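Please go over the structures that come below.
Next come two complexes built around chain A: one with chain B, the other with chain C.
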Partner chain A sequence: MKALTFSLIAEPDQRLDLTPLTPAALTGLTVSQIEKLRLGAGRDGLLVGDVFRLSGKDANNVVIEGGSARFDRIGAGMASGHIRVNGNIGSQAGRKMSGGAVMIEGNTGDHAGSGMSGGRVEIRGNAGNNVGGPVAGELTGMEGGVLIVRGKAGDYVGDRLRRGIIAVLKGCGDYAGYRMIAGTIVVTGRVGAMPGYLMKRGSLLFDRRPEQLSPTFVPCGEPEIAFSGLFDRYLVDENITDRPLLGPRPGRYGGDNAVSGKGEILYRRGR
Partner chain B sequence: MSVAWIGSQPVPLMDAIQKAAKLLASSHCPVFSLDADVHGTRSTIALAERLGGAFDHVYGETLAREVALFTDNGGMFTTPGEARRRSSLIVLVGEIPAPHHDMLLAWSNTQPDLGDGGQRAWFHIGGAAPASRATRQFNRQLKTVPITGGDLPLSAVLAGLRARLQGRQVTSPLANVDRLGAALNKSQFPVFVFSSTSGEAAGLAMLQGLIADLNRKGRASSVFLPADDDAWGTALTSLWMTGFPPRTGFANSLPSYDPVRWDTQRMVRDKEADLHVWVSARGEMPPKGRKIKLISLSRAEAPTANATVTIAVGKAGRDHDGVAYSSRIGTFQALAATERSSLPSVSSIVQQLARALPGRQDLPC
Partner chain C sequence: MQQLTRNGVLIDDTFAEAFGMRATAIIITAPTLKWARQAAITMTGYATSVIGCGCEAAIDIDLDESKTPDGRPGCRVMIFAMSTDDLQKQLKSRLGQCVLTSPGSACFAGLEGSAPLDLGNSLRYFGDGWQISKKFGGRHYWRVPVMDGEFLCEATTGLTKSAVGGGNLLFLAADNTKALHAAEQAVAAINKVPGAIMPFPGGIVRSGSKVGGKYKGMMASTNDAFAPTLRGVVNSSLSPEVNAVLEIVIDGETSDAVAAAMRAGLKAAIDLGPKKGALRISAGNYGGKLGKFHYHLKDLLP
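This part shows the complex of A and B:
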């Protein structure tokens, strides 16, 4: 059965909340029912039929052909199924997602994967700030799942990360792993200032020595640990990276000593 | 003197009200950038709610950074009066905005009459970024003891200080940490004074963590000095009315807070809004070059450039009485007019706009 495809008719003149377009929410709906789903807010909130032309029937596989920076919350609350977006999108993609997979073939705005607890989000382009981070007023960020950014990410990657893996493959901005509670963040490429600032536990894994560390991270030598080999293999097996990240005997910093000092930064030596 | 214009033509006030009301009624997504006293803010927010619009402060970018400290982190705060009377140890953090210097200099001429009764001591935590001339002079007048770390930025100094005060290892030395540690042990109520201009959000979160650490053994707090008192007053008024700070929208009739989505300047720039209502009792002008219908309620003697409708309004505390936030007392205060004029208040104009809309209902405030 062909994937349920939403082809963009024209760039909308308002921000749209695409939360209703998850596989579980669309299953069992007729085309006319889907076309009447409301995506826009306000006095003249747009309906699905105003923005997209529909084709295909397999609601478990949703394809959005044509993106817009005004498409917010794609895959929000999703628990199963697949969504693929061919284009750029707005903020909060995969927000509070607990299962399934979202593939974005372009760039995303802020808070991609915010608060997700399961599933897999893959962003082929760049992501904005606060990847996996909480929105205003929330106490925890991402709580599980895998979030991959194949391009660059902005500041505050993995803010308040509690569980799960975030991988950024072309570098990130400042404060990666800010207020991390646990979990793992992988960054290949240049890392901005103060990675791990206020982190309590968890691991930041880099392919090079970080340049601007807080003085509350102290060098802990080059321990021979099994974890680096295991995790390198996991990254390659899951098609997250195409070669080992840390190698044997990675360098290690411990911190953030301003908090509990139980977090770590592991990096590949020699770069 | 004319107080209302359609385009650049002076018109009677009621004609301008009718024209503005037509624009508001036909707008699909009106946004409000406001800068007014409490009454003007309340009326404007009520109008935005009725029209399903969004609102932000004119200084929304600065205010959003200040609000983020509270929404993303939280902290321990006290009032300036409590700090002045009770604290024998004041620690300034980063750059304190010049409008607050007088208040702090006044504190330096007094001694706490409550608390431990000790002589008041002053410290300053600074980063590698060069301080402004005003701040350098201010610190000299207060005779602050500097806490610095060479090339370290402020957020790194705060992190290092927090670790050192807990007896943990750091990789860079900090000046005068032991002296501050001794002063903290001696003082019963140390107070850290900071502003959103003091440093990045992460550094201010570290500062609040440091204060939380101190509260495990004793008592410590902070005084937050906003970059702009009127903007902070708008934030508090908005919280009181909607439960959220500015950058709140009423798209689904209920208020929703989103500092990115409801950034009105961004909405205007990205053409997500079709009508911009600019309210500035201080006479601030909207950014130029925006091709969007504009209603301007501004303290001006001439029409606002590119505005479809301009109505001149007065400023609370100058043209008419009003209520505004004062960081000196840490709450709202009544303001008496100093140069009473015939310029209408923001609140009265917004009320007239509401009455001119279809349905002709008064606003609740």
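This part shows the complex of A and C:
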């Protein structure tokens, strides 16, 4: 069965909330029912039929052909199925999702994967700020799952991350792992200032020594550990990176000692 | 008793009688195979028989770098016990005293079983608050800081209830050297069979037993029918030319693994022939009433 495809007719003139377009929400709906789903807010809020042309029937595989920076919350709350977007999108993609997979062949705005607890989000392009992070008022950010940014990410990657893995493959902005509670953040490429600032526990794994570190991080030597081999293999097996990240004897910093100091930064030595 | 002959070796028409057991497996890795094996040998020491040791354990197979979770050389260890509680208790104490302590070691689940048994979940407290939990790829690991770096240990391993203990072969030979030669050849062959271990010293036991004895409280006593020095004074199973008997005991992850191991051991001893090895091969049973699993030698011949 062909994937249920939403082809963009024209760029909308308002921000749209694409939460209704998850596989579970679309299953069992007819084309005319789907076309009447409301995406915009307010009196002139747009319906699906105003923005997209529909084709295909397999609601478990949703494809959105053509993106817009006004498309927010793609895949929000989804628990199963697949969504693929060909184009750039707005904020909060994969927000609070617990399962399934979202693939974005483009760039995303802020808060991609915000508060997700399971499943896999893959962004082929760049991501904005606060990848996986909480929205205002929330105590925890991402709580599980895998979030991959193949391009660059902005500031505050993994803010208040509690569990799960975030991988950013072409470098990130400042304050990666800000206020992290636990979990794992992988960054290859240049890392901005103050990674791990106020992190309690968890791991930041880099392919090079971080340049601007908070003075509350302290060097912990470079002992041989089995974990780096295990995790390197995981990254390659899951097609997250194409080569081992850390090597058998990564360097280590402990921190952030401004808080509990049980977190770590592991980095590949010699770069 | 009817007998068959293969390559000049007499094969008794009898069977090995074996019992259902609980088993688990773990993978131990280290920077070198030598140290992975050292940790494994230490943790499987004093684990020959559940009667006195609480469990039966040995190395199953060695694993090269490509087959271990962390890309270092390692080996798979199997542990057998009569109950889940015994197995958990033995696993925890052996892991804590012998693997955690061994230089450079790490430990992973070696079995996807019907229920979990704690590995790192019970050892993590050694980290005194500095232990690190990592969950990825559907698995859970603990990293415990130790003096040479970290002890990496998976949180749990699996338990199987379909394990079998007590498969066996008896090698009857003209002298000790030949009996040992036959047994050693069989051990080498069985070592290559995955999912089967031989818990006795070097895989071989010389003090085969019968159930009970004349003394009160003895659960098992010497198998006098196979003791050559008693040939004249008891109802012996030995013919005049036999002067030494050695036994191999096999525990397997499944009944098929035990049968495969016995088949491999039989073939190795038969190929050796009666001049260099065993004159006759037999197996031990209790009349077939105690054990659920029966392995007839005639079904396992090459």
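Quick notes on this one:
One rule holds in what follows: the second predicted complex is superposed on the first by the 271 of 271 C-alpha atoms of A that agree within 3 Å, B and C clash if a C-alpha of one lies under 4 Å from a C-alpha of the other, contacts with A are read in each partner's own complex, and residues count from 1 in each chain.
The criterion applied here is as follows: contacts are C-beta pairs under 8 Å (C-beta built on N, C-alpha and C of every residue); 3 or more make two chains touch, one makes a residue touch a chain.
Note that the structure is a prediction, hence the values are computed from the model and not measured.
On the superposed chain A, the positions of chain B and chain C stay apart, so the two partners fit side by side. Of the two partner chains, chain C is the only one touched by A:F231; chain B is not. By the touch criterion defined above, A:S214 reaches chain B but does not reach chain C. Within the superposed three-chain model, A:A136 lies in touch with chain B and out of touch with chain C [touch as defined at top].
In the superposed pair of complexes, A:R43 makes contact with chain B only, with no contact to chain C. Annotation: apex chain A, arms to chain B and chain C, angle 140° (C-alpha centres, rounded to a multiple of 10). Of the two partner chains placed by superposition, A:R120 touches none, neither chain B nor chain C.
After overlaying the two complexes on the shared chain, residue contacts for A:I165 are found with chain C alone; chain B is out of touch. Shared-chain residue A:S203: touches chain C; no touch with chain B.
When the two structures are aligned on the shared chain, A:R268 is found in touch with neither chain B nor chain C. Between chain B and chain C, it is B that contacts the larger number of residues in chain A. For the pair chain B and chain C, the minimum alpha-carbon spacing after aligning on chain A is 16 Å. Residues 163, 165, 182, 184, 201, 203, 223-227, 229-234, 237-238, 262, 264 of chain A touch chain C in their complex.
Here chain C touches chain A in the complex through residues 29, 31, 69-72, 104, 106, 129-130, 132-137, 141, 143, 148-150, 152, going by the rule given at the top. Interface residues of chain A facing chain B in the complex, by the touch rule stated above, are 13-15, 41-45, 70, 72, 91, 109-110, 134-137, 175, 178-179, 193-194, 197-198, 213-219, 256-259, 261.
Of all residues in chain B, only 28-29, 52, 68, 71-72, 149, 152-153, 155-156, 158-160, 162-163, 166, 168-172, 202, 205-206, 209-210, 249, 251-252, 257-261, 271-272 touch chain A in the complex they form.
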